[in-house]
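There are structures below to look over.
You will see chain A twice below: alongside chain B first, and alongside chain C after that.
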Partner chain A sequence: MPVFAGTYQTQLLTYGLTLAIAALGFNLLLGYTGLLSFGHSAYFGAGAYAVALTMRYLDVASMELLLLGGVVFSAALAALFGVVCVRHTRIFFAILTLALSQVLWTLAYKFFWITGGTDGLRVPFAKVTLLGGLVSFPGADAFGKFITSYYYYVLAVFCLCAALMWLIVHSPFGKTLQAIRDNETRARFLGVRIWRYRWLAFLVSGIFTGLAGSLWVPLNGLTTPDVLYWPQSGKIVFFAVLGGFRNFTGPIFGAVLFNYLEVYAVALTEYWQLTLGVILIVLVTFLPAGVVGTAQRLLARLK
Partner chain B sequence: MEILALQVLNSLFYAAVLFLIAAGLSLIFGVMGIVNMAHGMFYALGAYITAWSVGVAGAAFPPAALFILLPFSALAVALIGLAIEPTLLRRFYRRPEEYQLLVTFGLLLVLEDLIRLVWGGTPITASRLVDSLGLVQIGGLPYPVYNLAMIGVGIVAALALWAFVYRTKFGVLLRATAQDRRMAAALGIDVGRIYALAFGLGCFMAGLGGAIVVPSQAAVLGMGVEVLVLSFVVVVIGGLGSLEGALVGALIVSALRTLTIQFYEEIELAALYLIAAIVLLIRPTGLFGRKA
Partner chain C sequence: MSLLRTEALKKHFGETRAVDNVNFTVNEGEFLSLVGTNGAGKTTLVNLISAFLAPDSGRIFIGERDITRSSVEERIRAGIARSFQLVNLFDDLSVLDNVALSIFARDGKTKRIFALAERDAAVMREATELLELFGMGAKARGPARDLAQGERKLLDVAVAYALRPKLLFLDEPTSGVSTRDKAQIMDRVSSVVRGGGITAVVIEHDMDVVFKYSDRVVVMHEGRFLADGPPEDIRRNSDVAKYLLGTDV
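And then the complex of A and B:
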């Protein structure tokens, strides 16, 4: 991709890929476990803030170590929030996840002496080194080089995540989650410990989303409380609905597509949220299978 | 001591507003079985319509006459709700809850931006109404009479709602539909009409909450989501679908909020959610909730 396109296009696609990892994580809950989370900004933001805080206070530069920090932090958070959330399903699950993410947002916002408040924390790409320090970006014109290298880096992580998630949803564990989604009572009668499975799904989902946030932050150069705020969760929900959450690739395409939509629509209209809302309503009303799901159905009809 | 009295009054004022919104949310859920993510937007709409109409009519009429605008703004919000229910929501009642949440979330996004489109991004106020009633001395400290009056409005609204739901024929139809939609339909109740009216009533209450609050604060973007999140806490504590629960929940949340703002503002929301999480762990259906 960087061979054909300029720095800007590569950067856009890299953004899209990081978001696609978050969408993969989110969809383990919505698509495969049947739990709609309105609070995934918490884990995305946790990953982002973990990277920014480790870089600032511990002076870590290695991206691998930063990602590890992001994963550990978001895993701890998801493990904790999960205990509270998975006892409930449907509406209460959605409300609780939203509420907990809002708590995190207010904390990031109010404890400004640690988190920088609304100014956020800077994560300059020039400080980051990839592959254990083998690749670094000194110099004034390093931005292009950073984007190119980082694109391949994110692409590799994305492929790894997609493969891992594919294995998870096709494993006995993933099949059990789907059984719980389709018929909780029957799954319970089969001896499945529902809460434990839901909690594990919640944990894995949080880790993927946290990893996405960690990868996203050097690209963005800055993390602000906005990544913890509810519209961020709304975006992640949107990825899945746009692509279609009843199939594996839907959310991935949804995330990448959404990223392009957002960039170009924001440039065109001041009322981006309005556009988004209308698209969402049209999608859930007329195309509940999402873009990918509908395309698959049309292709099947052609055959 | 005087400060305590004022804080209790502040807390009651906010409880009145929260009750109106949470009771509307609870009513809509109780009857129709959907959680309206856009509910806070109807509160914001009530606030904006009130502030705007007070601004427009303010020069021509005496302040006392402007109070009539509060219920009329709420009525306007109810009409918007009545227009939205059949066109947008009706087709989602038989579909899984995820879709109901998603469509009302889409509605939230649309309404928030429509408010920005119509009234712009700068806050608008209607403080003329607060000024017109003046101040009263409570233990030597001034307190706006407006807030006292609106606590009264909250109490009257709570009583009226209770009487409406438990003492009128329409209330019986409403509760019958809430308990068993099919049986109600089989007995000849026009369920579609009940749904529309319940949604309109819920929107009216949210709009009234916004109308009450705007003279003492201001209509700002984001107020809808802020109150949505708070009213979720209220219904989680009180029990979704219960009016008594909404009342008790609103009092608890409002008191707690006043306390934390007074002593340690940073943890305001965190403390609220902690309480909500504890209630959910001990009584998953809330203090007054029925088993779903």
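And then the complex of A and C:
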């Protein structure tokens, strides 16, 4: 990609790939377990803040260590929130996830002496090193090099995440989640302890989304409470609806496409939220299987 | 030798005595039919034994072990499995995966997260063989939702059977299917279950099916047992004729 496109397009796609990792995590819950979370901003934000706080207060520069911190923090959070949420389903699950994410948003907003409040925390790319310090970006003119290197870095992590998630959803564990989604009662009468599997799915989903937030923040250069606020959760839901949540690639495609839609809608019109709203209405009304799901159906008809 | 025993098992829903002090015994190896009119308490009795419902009072034993307070998972481990009156399948999974999942659950493999389900050759072989036994080998790769009603009923039984229970409860395995399909389903179920050496309790309305396939018939009426015996005795029983068949012997 960087060979053909300029820095800006490479940066856009890198954003899209980080969001796609969040979409993969989110869809383990929605598409494969049948649980709609309206609070995934919590884990995305947890990953982002973990990186920012580790860099600021522990002076860590290694992206691998920063990612580890992001994953551990978001995993701990998902493990805790999961215990509260997974004993409920449908609207009760959705509301609980939303409420918990808003608690986190309030903490980031109010504890400004730690989190920087609405100013947020800066994560300058120049401080970040990749591959255990082998690749660094000193100097103000290193942005282009950072974007190119970071694109390949994010692409590698994305491929790893996609392969791992593919393995998970095709494993006996993944099949069990789909069975719970399809028919909870029957799964229970096979001896499956439902809430344990839902909790584990919640945890894995949180880890993927946290990793996405951790990768996203050096690219953005800053994290603010906005990443923990409910519209961020709404965006993650949008990824899945846009691409289609009943297939593996749908949310990946949805995340990348949403990123382009948002950027170009903002550039083209001041009514960009209206544009996205109309797209969402059209999708739900005419393409409930999402873009990828609909394309797959059309291809199947042509065969 | 008794495999399952209940002592004064009771479940009331308000004024309705769904199961009323029932002493029920299932002997090892028998193919037993539980019959009765709608509301007689057959499904409630199975629900109590399988932990779908908790009894008001009474006790349930599997062998000598008291399982009255045991969870669903513990009862499955004790050897009880069931199918459902309304077909309960995993519709978006393939027919093969429906059965394979049951085997994964039985073998404690459902927590395997970093292994492809399809690569577990032993499970997939067993699931395929089981589907062949139930006459659905050709449908293995398609989604369960695409099956016809009779096939869905059979798959429902196959999923429960794959747990290899000691005692299998089948709740109306032929309801909602044509008379011709009924015979095919019961022929298949009866031969597979008997061939597997599994004790079965079948809830059934069709008395022709009951008399043809059962070793023993238990008749329920208003939450109590009205009659219990071999099919030929039940056929001649005047109470059964009066309450169940609406005729005189």
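Following the convention adopted for this analysis, the second predicted complex is superposed on the first by the 303 of 303 C-alpha atoms of A that agree within 3 Å, B and C clash if a C-alpha of one lies under 4 Å from a C-alpha of the other, contacts with A are read in each partner's own complex, and residues count from 1 in each chain.
Just so we're on the same page, a residue touches a chain if its C-beta (ideal position, glycine included) is under 8 Å from a C-beta of that chain, and two chains touch if they have at least 3 such contacts.
Note that the structure is predicted; figures quoted are calculated from it, not measured.
In the superposed model, A:L17 makes contact with neither chain B nor chain C. In the overlay built on the shared chain, the residue A:I194 is in contact with neither chain B nor chain C. In the overlay built on the shared chain, the residue A:I168 is in contact with chain C alone; chain B does not reach it. Residue by residue along chain A, chain B and chain C are tallied for touches, and B comes out ahead. In the superposed model, A:A52 lies in contact with neither chain B nor chain C.
Applying the stated contact rule after C-alpha superposition, one finds that A:Q178 touches chain C and leaves chain B untouched. Of the two partner chains, chain B is the only one touched by A:L276; chain C is not. By the touch criterion defined above, A:R186 lies against chain C but remains apart from chain B after alignment on the C-alpha atoms of chain A. Once the two complexes are overlaid on chain A, none of the chain A residues touched by chain B in the first is touched by chain C in the second.
Those residues of chain C lying in contact with chain A across their complex are 50, 52, 72-73, 76-77, 81-82, 84, 88-93, 97, 100-102, 104-106, 109-118, 120, 159-160, 163. The residues of chain A lying in touch with chain C in their complex are 167-168, 170-176, 178-179, 181-183, 185-193, 197, 200, 204, 246. Residue ranges on chain B touching chain A, taken from their complex, read 29, 35, 88, 91-92, 95, 97-99, 101-103, 105-114, 116-117, 225, 229, 232-233, 236, 240, 265-266, 268-270, 273, 276-277, 280-281, 284. For chain A in complex with chain B, the touching residues are 30, 34, 36, 38, 84, 87-88, 90-92, 94-96, 98-100, 102-103, 106-107, 110-111, 230, 234, 237, 241, 271-274, 276-281, 284-285, 288.
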